[in-house]
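Which chain is which? They are A, B, C and D, in the order written, and residues in each are numbered from 1.
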Amino acid sequence: MGILEVQNVNKHFGGLHALNNVNLDVIEGSVHAIIGPNGAGKSTFLNCLIGKLAPDTGSVMFQGKPVLGKKPHEINQLGISRVFQTPEIFSDLTVFENVMIPCFAHRDGSFMMNAWKKVKCETDIREQAEQMLLDVNMQDKLHMEAASLSRGDKRRLEMAMCLSQNPKLLLLDEPTAGMARADTNATIDLLKHIGETRGITKVIIEHDMHVVFSLADTISVLAQGAIIAEGLPDDIKGHPKVREAYLGEAEV
Amino acid sequence: MSVFTPNRRGLIKSGALLGTGLAMPTIFTAGSAAAYTNAPTGSGVTLGFNVPQSGPYADEGADELRAYELAVEHLNGGGDGGMMNTFSSKALSGNGILGNKVNYVTGDTQTKSDAARASAKSMIEKDGAVMITGGSSSGVAIAVQGLCQEAGVIFMAGLTHSNDTTGKDKKANGFRHFFNGYMSAAALAPVLEEMYGPDRNAYHLTADYTWGWTQQESIQAATEAKGWETVNNVLTPLATQDFSSYVAPVLNSGADILVLNHYGGNMINSLTSAVQFGLRDKQVNGKNFEIVVPLYSRLMAKGAGENVKGIFGSTNWHWSLTDAGSQAFVKSFGEKYGFPPSQAAHTVYCQTMLYADAAERAGTFNPCGIAEALEGFDFDGLGNGPTHYRADDHQCFKDVLVVKGKDNPTSDFDLLEVVQVTPRAQVEYAPDHPMFAGGALGKCNPGA
Amino acid sequence: MLKYNDKVLMIVFAILVLTGPVILAPFGAGYPDLLQRFAIFGILAVGYNILFGLTGYLSFGHAAFLGVGSYSTVWMFKLLTMNIIPGMILAIIMSGLFALLIGFITLRRSGIYFSILTLAFAQMSYSLAYSVLTPITNGETGLQIRLADARILDPKNESGSLPSTNLFGFEMNDTWRTTFMGMDLQFNVGFYVCAVILIAAFYVSIRIFRSPFGLMLRAVKTNQNRLMYTGINTKPYTLAAFVISGMYAGLAGALLASMDPLAGAERMQWTESGSIVLMVILGGAGTLLGPVLGAGVIKYFEAIFSRINDNVLHGWFDFLPGFLETFMVWIIHPFVGKGWSLTLGAVFMIIVIFLPGGLMEGANRINKRFGKQKRGSADNAKAPAE
Amino acid sequence: MDAIFLQVLNGLDKGSAYALIALGLTLIFGTLGVVNFAHGALFMLGAFCAVIMRKILTLSHVSLDPEKTNFLGKPLEIRTPYVELWWGDVGTWMIDYSVLIAILFAIPVMGVMGIVMERGLIKHFYHRPHADQILMTFGLAIVLQEIIKAFFGANPIPQSAPDSMSGAMDIGVLFGFAEYAVIYPYWRLVYFVFAAVVIGGVFAFLRFTTFGMIVRAGMADRETVGLLGIDIDRRFTIMFGLAAAVTGVAGVMYTPILPPNYHMGMDFLVLCFVVVVVGGMGSLPGAILAGFMLGMLESFSSMNEVKAIIPGIDQIIIYLVAMIVLLVRPRGLMGKAGMMED
């Protein structure tokens, strides 16, 4: 029994069969990578998981509860958090405020009419957020406006935001895309660190095979909307279909 | 804010200054013993001219302001004296009012009740005005009249034609010289009967607000009394621009008269549409189709251009009248501004004169004294023949003009011709007439 | 924005508001009606800022809530009592309910679609109030109190004149006048009622700004999607903000009617909503003081500039030689009196072009240039608070 | 039946005015992404081009008629327009056709006006929030209308259609109705045809010219076209001029139907925003469709039979429809995803 069970999910865009009978089982506590060439349907798949898109058919169960048909915020409140390909942060707010918001969401639920107490007096939330920023090494940027951060810092911030909700399942959409090698390594370390201390299940979409093979416990390969292979990293490395569809070109 | 620094120096330097303007200290102390609001303490008395300066009636407001300035000039002994010379009461002598030089302040009503009241309030609270006058629509007049009643100053209404102003919304501190919907209808109906015959079918288009309703009610009652039938009455939204969809159905409704109970922009647009649809070239029931506009004004006629030719309506006053008062007024207005005054200008000039005269005769600016002097006052020489200010509802009774759009105008101002001067007796009504019932004057309020 | 100390800001604000009749007298604005308007529209702008400044939802329908508040209050004056408290309570409840209904429908859309939906609602309310709903609103004339009204809680009125609105016996139009250094000072009960409520409303808005709720609203403005994927249901947040700002507008409407018991339909026109938007943007959307400042500037223009006629101009420039005086009057004439809206339009353009953050940004720039050492609220409050 | 046919005509006529104004507005929005609250003012300025043209044509030589007197008892001034004095009948004909001549005048004037507006003001607002754009253009609209008021006053100024096109025709006969059952003014029919031609012209221009293609591509994705090295900014400036000219001539042609006054722009502004939003921001066919749909509905809702069922429906129909459309179709009838939802 996986924490996330996806069965026979289909999605059409007009004539395009974007997801074709996708099945996926994510084991609790593992890191599950999804790889595939551009346009294979990876992001579409994630969008279906978080309620941004509604699949045509199929079912998605999270911890035995159905996910489909729920609104994005309800899905998040179940414990699924997502890091986007281009960082989605609150760019007009400070770094600290950015992290406090998910802390509130985690503590107070999807809506709470907390209009009188000052944010300043919410000590537990503040401590939590400070700790989180310490964890991602951003404690010196607490009061900077998020918009003024570097690209790498924005990604780290977004990751911090997702982590501070203490999600059960973290979806990462190309967390290292466009990063320099040093930053990539730092991110890998961070993700590993999280894995060890918090035991969060992760689904990760990635092009960078270095990242995939240093993190993943299981790898699924998506091509033209269908899962063409699934297995341990070593199995996938040698899988002929995968080489043909994907790895051959990726290692250029 | 340094813009305002030259202000006070300038004021002090020029004692002869008319406008009191900004930041002029009104010398009042707490617990002043004045018996009424804004009793003049120096040698001047301040009047508040509250007219529309923005919005659709801004031109009428501008004309009213011109007349006010002229009236103030005459009251202070300047100019040729205008209608002061022809006015039957000789209490005014050109030395201001009760020896007080007349100053004035101006404000913008924006043709909105709220803005008009705010403007009037600031005149009363800040500038110390003892009388507020002006306005070019009934909603505003009624709103400001109510305010003046509460504040304890006199309100001399400007152009307001709704029955309600001196009907269900009448106030002890408010006075109206202008005529009203009922009088328009009473003056028009006989002329219409004579011109178009007694068996006519009228179709009404009515502006969908209070004035429109009272106007329509009045004209329907008056024409039905002469034998006309009312085929339909359609209410049109105030904001309507293009009246085509209201005018088009008239063609085949069986009606042979269209009555446009509209004013201002509404009237200009509806009349333009009606003429464009060829209504006036039509024959219905063997008769020529005709259009009637119960309330006319020269400015509106100008806006409708060619379309007004031959169309009947009523008006309070017109510059082509030949009595001495009208001529004196047209002469002094025309020489000062280069064109003849409108009916709005005339009525506000008269109101200012009547107020000043009443104050002279009463010997005080106390609103109660002035009200007493105006109530039941009979006068002549202000352009409308012998006139009576009725005590019961503070409405003036005078002759009403029935006019027609002129076929061959000789100038931009020569758009209407007077068809008949309907004598006062014919337009009078009892104070408790059902169209005017429901209100009470209350008691005069001197404020303070 | 979070830098300065709220307590100092609050105290300075309260002092400035309460001494308004003295501070504003030299500018010719120290008379009760205008002072009341400053305070009332200040409340309105502060409320609107909770919606627009925090969430970025641009509503063109707030004039409708103002109108609903006024009508409810005048009806209370007619039916119950001239005491303003019941009217105010009913106004807040009614405008809140109305805002709940409208917000529930319109908040299903965002961006300009939301703006147009609110505009449509406001225009419908206005059109109906002006015509079909006349039995409730008294249409063109506006709803007013009459001698014959029931007023079941008040003692019978025998005086023959209309009663005044009051707060437990203190009449709103009572004014204590005095002359101080050649200035006419007027201390009016109504103004102080409005002022106290403004200060309270301002305090509430500070609390909302500083609360987690306010933080969520600001997050809605910057990235609504992220907020949804962070497990926050944005709809109740925006709806709550919409209702709160609608209630502020209703309260402002109630005060308008309490100071002057008449409710006109024009209050609900879209251009009135537009002028609320202008007040907030002019002052600085999303700032605390800005909206109050913007409301003051616009009302000042409307009340003072529209009343400057040629006589007043001649008075100003009387000290100049004749031809120069005429010249100056000729230059300024188109911008004052009936040209006041021209000046207003030009001021909007200039402010938006050169000071996108509104007057508050201007104040901050001046502040930065001149007083780096004196940071904090004292500087922000430098510009007149109203 | 004839009543319904009449309202269909009225609807088409109103619709063509709405569609024309909305066309310019949505063109500006679609190409430049600017919410232009000064658009109504452009319509008003167009209408005043007609007023100015007539004023120019009727500039008069003044002579005195000693036999007649004016209101002050002085000799009456006789005004003879110079064009009549110089060219006789041709001059009279020119005055008669001043509305049509004004179109030739309005196209360059409004075009230049639009370009100046874009280069001078709008340009600086492309990357500013919509609220700023609204405030600035709203301020501009007030300034423009106040300037017109200062010169022409607040009262409407009547403009007549040429003699040969005024009056009404019995259009019903053509459609098999009884004689005199359906009479419709010539000028409104002319307006309808004119609107159809202008709308067709704009569509053809965008569809078949290279310029139009680039602009359409720019509407779809501004940055990509910019990357291709095409000077899209200059083309957008011209587009703004074009939109202003289209709106301007719509105003010119409308003057015989509605005597122009200084605040007519504000009166039409809300309406054409509703039209554009109902059609879908930035969608040209949407604006046309919504314009005709709202014109038609407005006409039908003002029929007595309809008003008898729902009193006051004609006051609110436009807003009611706008609301229903927006709630059912989030982006208007033909709107694109992502437009104006931030």
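Here is the rule we use: a residue touches a chain if its C-beta (ideal position, glycine included) is under 8 Å from a C-beta of that chain, and two chains touch if they have at least 3 such contacts.
A quick note: this is a predicted structure, and the numbers were derived from the prediction, not measured.
Novice: How short can a path of touching chains from chain A to chain C be, counted in steps?
Specialist: Counted as steps through touching chains, the separation is 1.
Novice: Kindly list the shared contact partners of chain B and chain D, in label order.
Specialist: C
Novice: Look at the interfaces B-C and C-D and say which one is made up of more C-beta pairs in contact.
Specialist: Counting C-beta pairs in contact, B-C comes out ahead.
Novice: Any idea how many Å lie between the Cα centroids of chain A and chain B?
Specialist: Measuring from centre to centre gives 74 Å for this pair.
Novice: List the centre-to-centre spacing of chain B and chain C in whole Å, with centres computed as mean CA coordinates.
Specialist: Computed value for the inter-centroid distance: 33 Å.
Novice: In whole angstrom, what separates the CA-based centres of chain A and chain D?
Specialist: Using C-alpha averages as centres, the distance is 52 Å.
Novice: Report the inter-centroid distance (CA atoms only) between chain C and chain D in whole Å.
Specialist: Taking the mean C-alpha position of each chain, the two centres sit 35 Å apart.
Novice: Among the residues of chain C, which ones contact at least 2 other chains?
Specialist: 127, 131-132, 341
Novice: Do you know which chain B residues sit against two or more other chains?
Specialist: Expected reply: 54, 58, 62, 208, 235, 237, 239.
Novice: Scan chain A for residues touching two or more other chains and write them down.
Specialist: none
Novice: Which two-chain combinations touch?
Specialist: Final set of chain pairs in contact is A-C, B-C, B-D, C-D.
Novice: Across the complex, what residues on chain B touch chain D?
Specialist: Going through chain B, the ones touching chain D are 54-59, 62, 208, 232, 234-237, 239, 241-242, 244-246, 248-249, 251-252, 265, 268-269, 272-273, 276-278, 281-282, 299-300, 302-307, 319-320, 330-331, 334-335, 340, 410-411, 413-414.
Novice: Going by the contact rule set out above, which residues of chain C touch chain D in the complex?
Specialist: It is residues 52, 56, 58, 105, 108-113, 116-117, 119-121, 123-124, 127-128, 131-132, 270-271, 274, 277-278, 281-282, 285, 334, 339, 341-342, 344-349, 352-353, 356 of chain C that touch chain D.
Novice: In the complex, go through chain D and note every residue touching chain B.
Specialist: 2-3, 6-7, 9-11, 13-14, 17, 68, 70-72, 76-77, 149, 153-160, 166-168, 180-181, 183-185, 187-188, 256-259, 261, 263-264, 267-268, 298-300, 302-304, 307, 312, 314-315
Novice: Which chain C residues qualify as touching chain B in the complex?
Specialist: 25-28, 31-34, 37, 127, 130-132, 134, 138-142, 144, 146-148, 159-162, 164, 173, 175-179, 182-184, 186, 256, 260, 262, 264, 266-267, 302-304, 306-309, 311-312, 314-319, 337-338, 340-341
Novice: Within the complex, which stretch of chain C touches chain A?
Specialist: Going by the criterion above, the answer is residues 207-208, 210-216, 218-219, 221-223, 225-234, 236-237, 240.
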